[in-house]
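Multiple structures are listed underneath, in structure tokens.
Note that chain A is present in both complexes that follow, paired respectively with chain B and with chain C.
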Partner chain A sequence: MTEKKEYRGSIHQQQKDLMLAWYEQLDHAAITGDPPTVSMMISGNCVELLEGFGAVPIYPEVNALQLAIRHQSLDPILAAEDLGYAADNCAYVKADIGCILKGITPTGGRLPTPTLILCNFVGCNTYLKWFEHLAKLQQAPLYVIDVPFMRADEPSRSDVDYVVKQLQETVKTLEQLTGRKFDHDRFRQAVECSSRSEELWSQIKHLARRSPSPFDAYFDAITLMGPLYVYRGKPEGVEFFEVALAELQAKVDAGQGVYEKEHFRVVMEGPPPYPYFRTFRDMFAKWQACAVASTYSTVGGLWEFGFRHDPENPFESVAMHMIAQNVTNRNYLQRYEQIRRYVEEWNADGVIIHFVKSCRLFSAGQGDMRDYFAKQLGVPTLYIESDLEDPRYFAEAQTRNRIDAFFESLEHAKATLSTRV
Partner chain B sequence: MAEFERTFDICAGLDFPSVREWKQAHPESKAIAYFPVYAPVELIHAAGMLPVGLSGAGDQLDIQHADARFGSFICSIVKTTLEMGLTGHLEPFDGFLFSTICDSARNLCFVMKRNFPAMYVDFLHLPHNPSSPAAAQFLTEEYRRVLSEFERLGNCKVSDDALRSSIRLYNRSRALIRGLYELRRQNPEKVPTSELYQLVRAGTFLPVEEHITQLERVLAEVASRSPKKRDSIRIVVEGSFCEQPPLPLIRLIEEAGCYVVDDDFVIGQSWFDADLPTDGDPVPALATSYLDHSVYSSVRHDLRKPRWDGLVEKVRRSKADAVLFLIAKFCEPAYFDYVPYKQELERAGIPHLQLEFEEKSFTFDRLRTEIETFVESLVFD
Partner chain C sequence: MRIAAGVDVGSTQTKAVVMSDNGGVEIVARALVDTGANVQRAAERAFDTCCREAGIHTGNVGFVVGTGYGRYKIAFGNTQMTEITCHAKGASFLCPGTRTVIDMGGQDSKAISVGANGEVLDFVMNDKCAAGTGRFLANSAEVMGISLEEVGPLSLQAKHPVKIATVCTVFVESDILSYLAQGKTAEDILGGVHIAIAKRTLSLVRRLNLEPEITMTGGVARNIGMVQALEQLIGRKMQVSPDAQFIGAVGAALFALEKLDQSFESGIWRSDHAVSGGH
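Now for the complex of A and B:
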């Protein structure tokens, strides 16, 4: 009953190679100071801008999640708690700070002290604290891009202008720090590449509307997300997503899904429990339940509803992406709407809300979200709690029981429905 | 100063009796509740409305609904605010204003919006990058946007003069509060913190004009006091900028042998370190004052001047012996800041103690012991 076919085409290897090459560049930068490096947040990142300097991003969140997936997050978390961080602070931050204190890196290679710590503040207030602390700890320069939160349906002219001006200030700061001139053409080319990667990524996401879905838009999407953040503005990124789309399209054409028989289609809300990633996945595989959409996979950018970077207006489109086109900077009700569209347009049977203790950005108010879906819209909704980085908060048996109970009742509902029909 | 206690009790009732009274006297006018920490009250006032601070429900409300909406690991004030809404206690208000203080409060704004669809619920984006030359322009536009919402709601047009007189009023109340804080720094025995706290907090409920009268009376009365000096240590309290500690806890701190010589209770009431300009264009004046003259707190970020330097400076200015971190449970901004604060205090050789509270706590035995031990360790040092 537990047969599962994770998406493991050639793309899987390519993804690994790309990510390793990225870490090698960082290792090189740590020794030689070249290329320049910029620490950034995943959410609404402006990686295109870095291309104008030939600079490479460092993503502390990626480091933290890698560590958790490999069951190595507890030690650094404890080291950070020794320093005074609270049990209830975001554990991503604690793991990252702990790693710096203890000299741990995701690959065992070196990580450079960033040329610039660039806090792209998109929604999460923890980002501000995290990067301030990093700057203090690493004695590196810090710049904050203050991105106005989505308090209306669309950003205002003044919101966009404000971000564009700060992007231009970032350019000046980087010119000073790197001693390099900003290469506008390269920037524009990066924006062009991004728009192509995004188009491909969006098409991939839309393939999950097919039944059976050729990939899991939560568990498999996470594999594809690394290249999306590091490489989308480069030709390698475009190429990667071309291959991914072709492979998945071939699966669709052959009628192949994630599971032999796709039993349930769900939408996932919230980040995954990385310390128990595999265990968690198996709990869904057992029921042949495929995630056809997820909000977590739109942290870096929300492209399935049509947004693309625009090489004709590179700065403005980078600003638009940071303000309006990533889940973290969109308001809570816009997230409800996003999930509602997934349920309807991706044809899902239910919503799984994963409350993550560390992350108030995602989790504060998820009980209200459940109320909205379950009571107001009548969508079967499951609410479970754990953490994305701290292994101490995963109650395995309890989580399994709740997932089992949820799918049992869904199955029951389906059976009653089909006998009625 | 029994008068404070009476005022405080009247104002702080769960059903906002002072707000209801005001609305009865001004049947055409609206009341806007703002979530702490900082709100541009001048804009609300200038539109003829009553700005009222939401500061949780203390221990007066049993949470029935909000726990299910907000779950574990979320601070109390977020839940009690929603609970008050869901149980009809916020009925005297016509709108709610939130701002960028933290992720929990931010999401609360939109949960309120869904649950009270007929209500005006807005979110103010306060810049986190005041060192950018673009921030002043942005904040000016943001204030203008919110002001136009108030005008729509209050069905009025706010003139520059009206706004300037609102600024003048709030300048006056903040100057009086600064005066009381200064007096307490010099003669803490004259201004007990539990009283000062209630007096300042009353200002979040009362019309500013009334509060000014109160502050003036108290300032005059306090100056003429000559109480006996106690043998207490001087401390700065840090970390209670949003959810407020229970009053008995503040009393307990004093009883345990501390003069609180500075604090960040109800910090929005003394948000500016100087008067705001009352000449020229008032909206940009408000914006630049926020950027250049607002006090530091854990929910305000400014690369030009780290908060930890602000804390050390505060300790020096008030000649305090130590810092007491009084942090609301699950308040992530305060938790985070504790680390750099602690590092800098240690570097400066300033002792500190960290304690956690919830607005609804009512037994303090453990906290009492910790504070007493801390005080003893300093006295016998």
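Now for the complex of A and C:
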């Protein structure tokens, strides 16, 4: 049984329009130098700060994944390997570096030399080197924000102060580079917009607790993540998420799910294999298996458990977001707890862990994570491996085999249970 | 009498089994062919040969379940299931009481936790690497010019098994050549190879709870050296059916028989979704 019926609402088109408008802005900046642009990492990004300068973010990861999803990532990866990058290096890095070497962009438009390369290396040491290389290749200034890793349940006061101080230094740096005065009011308004976008996004995430879930909180959530990272601090972002919430709420009211019949509810851990995004999605669609929650959709920010940016304390709340409220910078026990809550509160049948070869930092320890869920909590857990960017690491037959076997076993367990009842 | 079949298209060999249920379930015939390049043809040959052995016309087989990597290429099959599910089922039938299956095939090694009804509770498999699989063994045999049938018994005669440092199926060849150059005996080298594979497999298997009874399945289970090397490391005997290589096909045939039994109330067929017929 092949089931490819999927939710395609107006938000999918709106998302596309918003992302194209963003790339057009970047293209304009490449020609005119206006608006100023800042390269940043998705995880714990401080896009609100940029609003204080009317600056636009560039996300090298988004460029890389856009190429992968369009099946265009291998050429730039090979170009970077020709330059000496090793097979074990992160393929996001190689795809991005290769793009610059070869002058490739996801849309075919131009990408500007960033006004500032802002390395907010949250939970990922590779970024430090990646952004250093970008600065060298693009001959752009680099500023590194050192974000302390989450070593306990909450960050210490000095952790927050440390990041706030660096954010203030970033402001000074950007004032010098752009020749513009930092607009505090605009910054505060951006933080206000973010808090509203986050509230709407959180409500959307909670709709997936309903059965059937009105959207896939992994595959569809990825569609919604673009606007979340680029626009959440703007009125357009708030508007987008208002429309999205209304549209998905209407689906809930009508009892509509992702599939005609939602057969399985799963929690996804790890990024998707972007070069085989469609193929991968179909492997779940075949089983009418809907992701009701995912850790990947919290890479840029974890909002479904209550955190919001605070316009009354804009710098502190941006710092808190960077340190404590994105999955990448949180410690492993916190990630366990996040997934455990998803399984319990979102009523999932099992957990799928997708290890990506590129990202040792995100993936390290996932073998133990599998053991924790499967053995200690008794939650059916599947572990599969490939990559998020490099198409050479995706073995379709092996992946399909594991996914089919996992759902066969869940099917068997459900059938046995219903016989007992 | 109900007659059904299971066809397991593996990376190296294709296995077919015809089973009947006439008050008692039994294997009527088996067939084994090399898979080769034409997967569909291999499945047909195995199925046709098996039916011939059973003395029945293919049209009299009520239901066929395909399994293994080539399962979607079985044009005559009624549906497909993964070999993981089929191995659990087949092992429980042939070796009652099975709670853990260690399956070593041509390119896969896997461990499966099995429930009381032959259902899969959990499983782990090798990923992106053929270490600990039949291929590792086949490569070692080839580089030494010894047939695959001989390597197991020879390994048992090792007096001082060598240490094979690599777990890489490709680089093991240079390790072996180096030991041959040092004048090590074939028995000691093969002893080392078997221990290396057993250790590699065990590190995978230990990710599950190794509950007895443990049953070894797959083509490598025919290798007595491998069975004993694993038993030594695990510290207990494993069950090995004479039909170990056919267990995936047996499991598939058992599911096919269940499908023919309209009164069958429990198990995987009960759900309207059940296993799917395509991809």
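As a convention for this text, the second predicted complex is superposed on the first by the 421 of 421 C-alpha atoms of A that agree within 3 Å, B and C clash if a C-alpha of one lies under 4 Å from a C-alpha of the other, contacts with A are read in each partner's own complex, and residues count from 1 in each chain.
As a convention for this text, a contact is a pair of C-beta atoms (placed from the backbone, for glycine too) under 8 Å apart; a residue touches a chain by one contact, two chains touch by 3 or more.
Predicted model only: the values in this text are computed from it and were never measured.
Student: Between chain B and chain C, positioned on chain A by superposition, is the outcome a clash or a fit?
Tutor: fit
Student: Taking the superposition on A as described, I'd like to know which of chain B and chain C A:31 touches: first, second, both or neither.
Tutor: neither
Student: Looking at A:414, would you say it contacts chain B, chain C, both, or neither? Reply first, second, both or neither.
Tutor: Second partner only.
Student: Could you say whether A:385 touches chain B, chain C, both of them, or neither, answering first, second, both or neither?
Tutor: both
Student: After superposition on the shared chain, which partner residues are touched by A:246: those of chain B (first), chain C (second), both, or neither?
Tutor: neither
Student: Given the touch rule stated above, what does A:371 touch, chain B (first), chain C (second), both, or neither?
Tutor: The answer is both, since A:371 touches chain B and chain C.
Student: In the superposed arrangement, which partner chain does A:136 touch: chain B (first), chain C (second), both, or neither?
Tutor: The answer is first: A:136 touches chain B but not chain C.
Student: Is chain A touched at more residues by chain B or by chain C?
Tutor: Partner touching more chain A residues in the overlay: B.
Student: Contact-wise, after the overlay, does A:21 reach chain B, chain C, both or neither (first, second, both, neither)?
Tutor: neither
Student: Please work out whether A:84 is in contact with chain B alone, chain C alone, both, or neither, and reply first, second, both or neither.
Tutor: The first partner, chain B, only.
Student: Looking at chain B versus chain C in the superposed three-chain picture, what is their shortest Cα distance in Å?
Tutor: Closest C-alpha pair between chain B and chain C: 5 Å.
Student: Can you list the residues of chain A that touch chain B in one structure and chain C in the other?
Tutor: 367, 371, 385
Student: Show which residues of chain B lie in contact with chain A when the two form their complex.
Tutor: Contacts found on chain B: 67-74, 78, 100-104, 106-111, 113-115, 122-125, 127-129, 132-135, 137-138, 141-142, 145, 299, 301, 303, 306, 330, 332-333, 335-340, 342-343.
Student: Which residues of chain A touch chain C once you look at their complex with the stated criterion?
Tutor: Those in contact with chain C are residues 1-2, 261, 263, 282, 286-288, 367, 370-371, 374-375, 380-381, 383-385, 393, 395, 397-398, 400-402, 404-405, 408-409, 411-416, 418-419.
Student: Under the touch definition given earlier, write down the residues of chain C that touch chain A in their complex.
Tutor: 69, 81-85, 115, 117, 119-125, 127-128, 207, 209, 265-271, 273-279
Student: For a test of understanding, state which residues of chain A touch chain B in their complex under the given definition.
Tutor: These residues of chain A touch chain B: 83-86, 88-90, 93, 121, 123-126, 128-129, 132-133, 136, 142-146, 148-149, 151, 156, 158-159, 161-162, 165-166, 169, 331-333, 336, 355, 357, 360-361, 363-368, 371-372, 385.
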